[in-house]
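Presented below are the structures under discussion, each in the form of structure tokens.
Next, two complexes with subunit A in common: one pairs it with subunit B, the other with subunit C.
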Partner chain A sequence: MRGRPELRTSYESDQAPLGTPAKRFWFAALLIGAVLLPFGLTSELNALIATAFISAIGAIGLNIVTGYAGQVSLGHAFFLGLGAYTGAVLSGPTDRNVVGLGLDMWIWLPAAGLLPAIVGLIVAPVAARLKGLYLAIVTLGLVFLGEHLFREMVFLTGGVGTGRSSAKLEMFGTRIDQRTEIGSYTVTREMKLYFVGLVVLLVMAVLAKNLTRSKVGRAFSAVRDRDIAAEVMGVELTRHKVIAFAVSSFYAGICGALLSTTTGFIEPGSYGLLTSVNFLAMILIGGVATLSGSLLGAAFVVLLPRLVQEIPHFVPFVESGSTGGLITTFQLETLLFGAGIVAFMILEPRGLFGMWVRAKTYWRAWPFSY
Partner chain B sequence: MKAIARWGRIVALVGILALVAAACGGDDAGPGGGDVKTGAGITTEPCPGSTHTDRGCIYLGVLSDLTVGPFRALAVPLTDGQKAFWKRVNDGNGIGGKYDVDITKYTRDNKYNPQEHVAQLRQILPNILMLAQSLGTPPTIAARDIMEEENLVASPASWWSGWSFEDLVIESGHNYCTEAMNGLDWFAETHGKPDTLMAVHYPGDYGGDSAAGVAKWATANDVAFPKANDVQTAPNATAGTQDAPVAAILRVKPDVVVLATGPAEMAEIVGKAAAGGYKGRFVGSSPTYNPAVLASAAKPAILGLYNFVGPWGPWGTNTAAHNAMKAAAGSKLPANEGYTSGWIWSYPVKAVLEKAFELGDLTREGVRAAVEQTTVDYEGALPAKKYSGDANTNVVRQSLIGKADEAAPLGSSVVKDFFVGPTAKDFSFTEPCQKL
Partner chain C sequence: MDEFLSATIRGLAQGSLYTLLGLGFVIIYKGTRVVNFAQPVLMIFGAYFTSYFVLALDLPFALGVLAAVLTTAAIAAVSERVALRPMVGEQPFSAAMVTVGVLIALQVIANDLLGLELRQMGDPWGLSREVLGGVAIFHRDIAALLITASVVAGMAVFFKLSRIGLALRAAAFDQEAALAQGVPVGRMFGISWAISGGLAALAGLLVGTGGAGVDQNTTFIALKALPAIILGGLDSIPGAVVGGLAIGMAETYTKVYQPEHFAWAGANFDQVVPYLVMLLVLLVRPYGLFGTKEVERV
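Right, the complex of A and B next:
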């Protein structure tokens, strides 16, 4: 439909990703930008953006179960932790005080998704019987259970205050996250982390996009919008809730394992309720039931603390240290985070994605937008 | 199509510019003048607030537990002690008369959290030459890969036995493992060889290392140390109370209990065990003591049953290092011995910087290379130390024994001065006591 890209003549073309030339162009431009970006940034920012990319994988996972299928889950942190430890145990060195099998990334990365997915499958039938608040409470229970297990299973996790090394990004015997020199140019480990994050995110996002526009994805939306109506139409509720949980847990596991590799270390205390809330915030701020929203939300939540650290340079009463001043950056960050969630819920429930859509619509109709 | 082609050209141009900019970036810290090679973390401008306009500035990073972590009570005076140390260096000759040292600008809070530690390290990394303080074993280990790639040398604020095997870490004093051996050797000498002993400890680098030392002492001295006497506990923040180890102590009634916990946990264990009728003795690792415990109900039990093993003399000790520290601190006493530790942990950093300066290479590579050739002079606080050669030769085996003492300036005094117990003396260090 050259010249009239908005005219759809088939369901496929309506559902096709990157359906218009403009979308294709901007996607290509964004991708090229994303590939070039790390060469112009400091290592610290590269690591931070890599963290945002990887967090976006987890946010997409949560968006699948909570955004698309409408099942509120507070248990995301548990699956993140499960993925991180699966990766660490499979990849870790064999001669330490914690269990390690010394396996390659092509084994541990899929396994770090599969094990949480299996655990997701096991708990999902219970969760499928519940909805709303009750479901939230059950999944909350998972987080506490997980925290306890991670704390107590010292032979796997190292225990509180000790922790263990994370999985190693090692493919076919070669570390892919170590600095290399190409001629006189240095490719830092942070650049490589960035690219690992970008590639895995792209793959996972494409898979998620395809899932959401498939029969299963449409069933998710039907279940979310009105479960009884969906059932009447022949959508199997339990089956689709279970699928949503398993897929979401898979994403969380991959995210957890990769996230731990950005710091190289796993502390058992990192998978508490706050982590789950952080991921919920990502999808609420970014935009529920949108993939680009997951990415925007993850970027917002990951980059906000870093931005807040710059505030003391401009605002006199904010203190960067531990004492003095009216408020410390740490407190300010917590405040802004909470205020951000409240503001988005009230002013723009569709999140950053909604703001983007509004801006886009405004400029599309310009100068006749109102 | 034309529009797209034009955009393509612009994107390509931007890309090339980005690449060129990236390739040109990097070594923006200028050379420090003279014939000393310099790189990251050194400027020709004087340090902030310095009056030495003829000196450049060496920036060192500090990653410490300053606000919310479990060791903040020790870490804040520790960092103050380091600041005082470097002020004294700067007031004197600086490094080779050409550089002052600043540790304040890049002091960051690691919250004793490995993730936070690595994130903060990445932030300050382009601007520092080395780490004047890297607090905690797990955070420091988390940063090991980055340190290795960046040739970043660090002075650790912890006593894990594995540091003797790491060439980028310039540790001071004994480790938790030799500490436990010396504590038990001292106990055997003063109170008779124990028939039963117990270890109550946190897991991991600290408590695990200490318990490994107890096990090695037991093997070397032919004393039974069954699994049941190896009691693991956790900080009260996680465990709630220390009732479980207290029950174990009261059940087994060992002759001596080796403790490797926090001060509050130590006070609770010693107090409750004494209240339960326990008559044996406690030997604590150095982090178990903080004078604040003397304000607790456990005070009589601590004064009566408890000793700790120290890596160096407490505040009141009379050495050139301690006297210089007391003069630098002025009339105001610090909160605890963290200050002394901060002061003493700074000597290796100064020695390595001076060596690197002497060798004419103050880049990170130069500093790393200088470590091997450095001999640290602790001004009498510790015997001179080298980092070259194997761990078994270089590991520090001396400890001293201290006790809680209300009359002493920071609540502790020395019972037995530096000694090497027979077990630690004969022990062969071929690997860390507790591997991590």
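Right, the complex of A and C next:
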């Protein structure tokens, strides 16, 4: 098979991740690049890319339930919040306002995934009865109910306006959220966050890749493409919808817990509808039912505000402050975000991943474009 | 008992707001199979333009409201033409997501127009009220009920008797057959958006009347119309009316009685009651009370 990387003789080799030498080469190159990158960037950019990595975990989770299994969920923010609070309660210190158990990261990180997964298991049988837009609206209700819970359970969440500190990044006695000096070289907090994000993302992405190319993953696609046909072929609908919800909630929980550590602070208001919409935008802009799409989309959505901040340097009527000018950067950013969703849905429904595939096929066949 | 009666009237008025918004959702859903998540921002536009025409331009109240309704209808029709028409034939969810994009983009404009102040509607009834045998009835609630009742009646007549209403129903029933009979289906999509834009504008007026005012945080009130239409069934116009009134009453009763009887449920519990009611109803009836169950074929 040497020299003919595209020739497939078995299903396994067709489904294998990194199936061609070129893919393996580029993956290794990207990985090395990703490892070296933080040493050349400012702390601000490192933190931003760490946020993108962590958001990508959540985006992969949403992609599993919405992209692969076709169950539209607007409730992602709720599970994000659950994860964030699980992490914070397990790891944080008890003070006069909130409960905390002071546990280590190797306990709270998995737990931050498990609790949302269990709640997902409880919600899923209800959700599995519903279809399409009914499901979307019900999961929207979940977000509002969750926000209410987060606001009212003051002993866990600190309540509105007060909030609480997030989970503590401390593993086996090593503080990840503080800078360390190695000789004369300083490893900043942001660099460590970056690597935590990268490692967890890699692990979760590999797990997701394996899930999606397994029997369960194929069942997800069958349920998405034609549920009744899937049922006729012996795919249990409810069971697979429930699995999809639980796995997706697990990813959301991990993402939520880690995401809250980037700011170090959790406020009940941050798990509203807008957060869910952000994650939906990530997978729609990135590419539905693709893992690299989730990553691209997360990077796009997280980095867009930072890019827009640069615009006032080039365009005269955009004001960087909060008022004045024809339009402020914040307004422009929101406007571009909204218009971006519309434009992607209309012009490139397969998202950034679709653009990449188109570019790839174009250059592969170049100069014969047909 | 008096408390109960006045809560009922308050609840019906609140429900009539959800009815107007819900009608808008249902008309668009029936016509185009899209849930229009941009409805909240259309409501804000309606409230803003009412405030602008009546208070800033000093038009007579009724005329100002009419102008606001027409302006919002135009905004809705333009959004449909620009953002939604290219999505015809796509997955319903993709189209719904486009409306979310429209919501986000238009919200920026609406917030910029509203500024930081609380906008009043300049309505003639304000906070005045009657006391009938111990029951306080606010004029604004009566106005809300009257406006909604006449709009619902008007809609019923329009859909039953007018030529465009018939065309709208035909396009909603079967697009291809309607097209074959010479109904311009695309234009019907625009008209259904314009109608629900106008309904949203009226809802915006009702949100802001009686001194309540409208500001940048008012938008998400409109999303509570979603539980209302889910309750009634996404594609049922009577369902929107019944669901809207039921949700409004459930919310108001909670607001009145929950603080003393179920204080443990927390402050502002009434704000989430609509979603709770929706979840409970869907446990029993996945297509709502009046929604049509989809017949499926492989």
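The working rule: the second predicted complex is superposed on the first by the 367 of 370 C-alpha atoms of A that agree within 3 Å, B and C clash if a C-alpha of one lies under 4 Å from a C-alpha of the other, contacts with A are read in each partner's own complex, and residues count from 1 in each chain.
Going forward, a contact is a pair of C-beta atoms (placed from the backbone, for glycine too) under 8 Å apart; a residue touches a chain by one contact, two chains touch by 3 or more.
Source: prediction; values computed, not measured.
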item: Partner chain in contact with A:Ala136 - subunit B first, subunit C second, else both or neither; value: second
item: Contacts of A:Arg151 with subunit B and subunit C, given as first, second, both or neither; value: both
item: Subunit B versus subunit C as contact partner of A:Thr42, first or second or both or neither; value: first
item: Which of subunit B and subunit C A:Leu335 touches, first, second, both or neither; value: second
item: Touching partner for A:Phe27 - first (subunit B), second (subunit C), both, neither; value: neither
item: Partner chain in contact with A:Val72 - subunit B first, subunit C second, else both or neither; value: second
item: Subunit B versus subunit C as contact partner of A:Ser165, first or second or both or neither; value: first
item: Residues on subunit A lying within both footprints (that of subunit B and that of subunit C); value: 151
item: Of all residues in subunit A, those that touch subunit B in their complex; value: 25, 29, 32-33, 36-37, 39-40, 42-44, 47-48, 95-97, 151, 154, 158-165, 178-179, 185-186, 189-190, 262-267, 270, 321-322, 328, 330
item: Touching residues on subunit B, where the partner in the complex is subunit A; value: 4, 7, 11, 14-15, 18-19, 21-23, 26, 66-67, 70, 76, 109, 113-115, 118-119, 122-123, 125-126, 138-139, 141-146, 149, 202-206, 208, 232, 234-235, 238, 434-436
item: Residue ranges of subunit A touching subunit C (in the complex, touch as defined); value: 72, 126, 129-134, 136-138, 140-142, 144-145, 147-148, 151-152, 226, 228-229, 232, 273, 277, 280, 284, 327, 331, 334-335, 337-342, 345-346, 349
item: Complex contacts: residues of subunit C adjacent to subunit A; value: 29, 35, 83, 86-87, 90, 92-98, 100-108, 111-112, 220, 223, 226-227, 230, 234, 265-269, 271-272, 275-276, 278-279, 282-283, 286-287, 294, 296-298
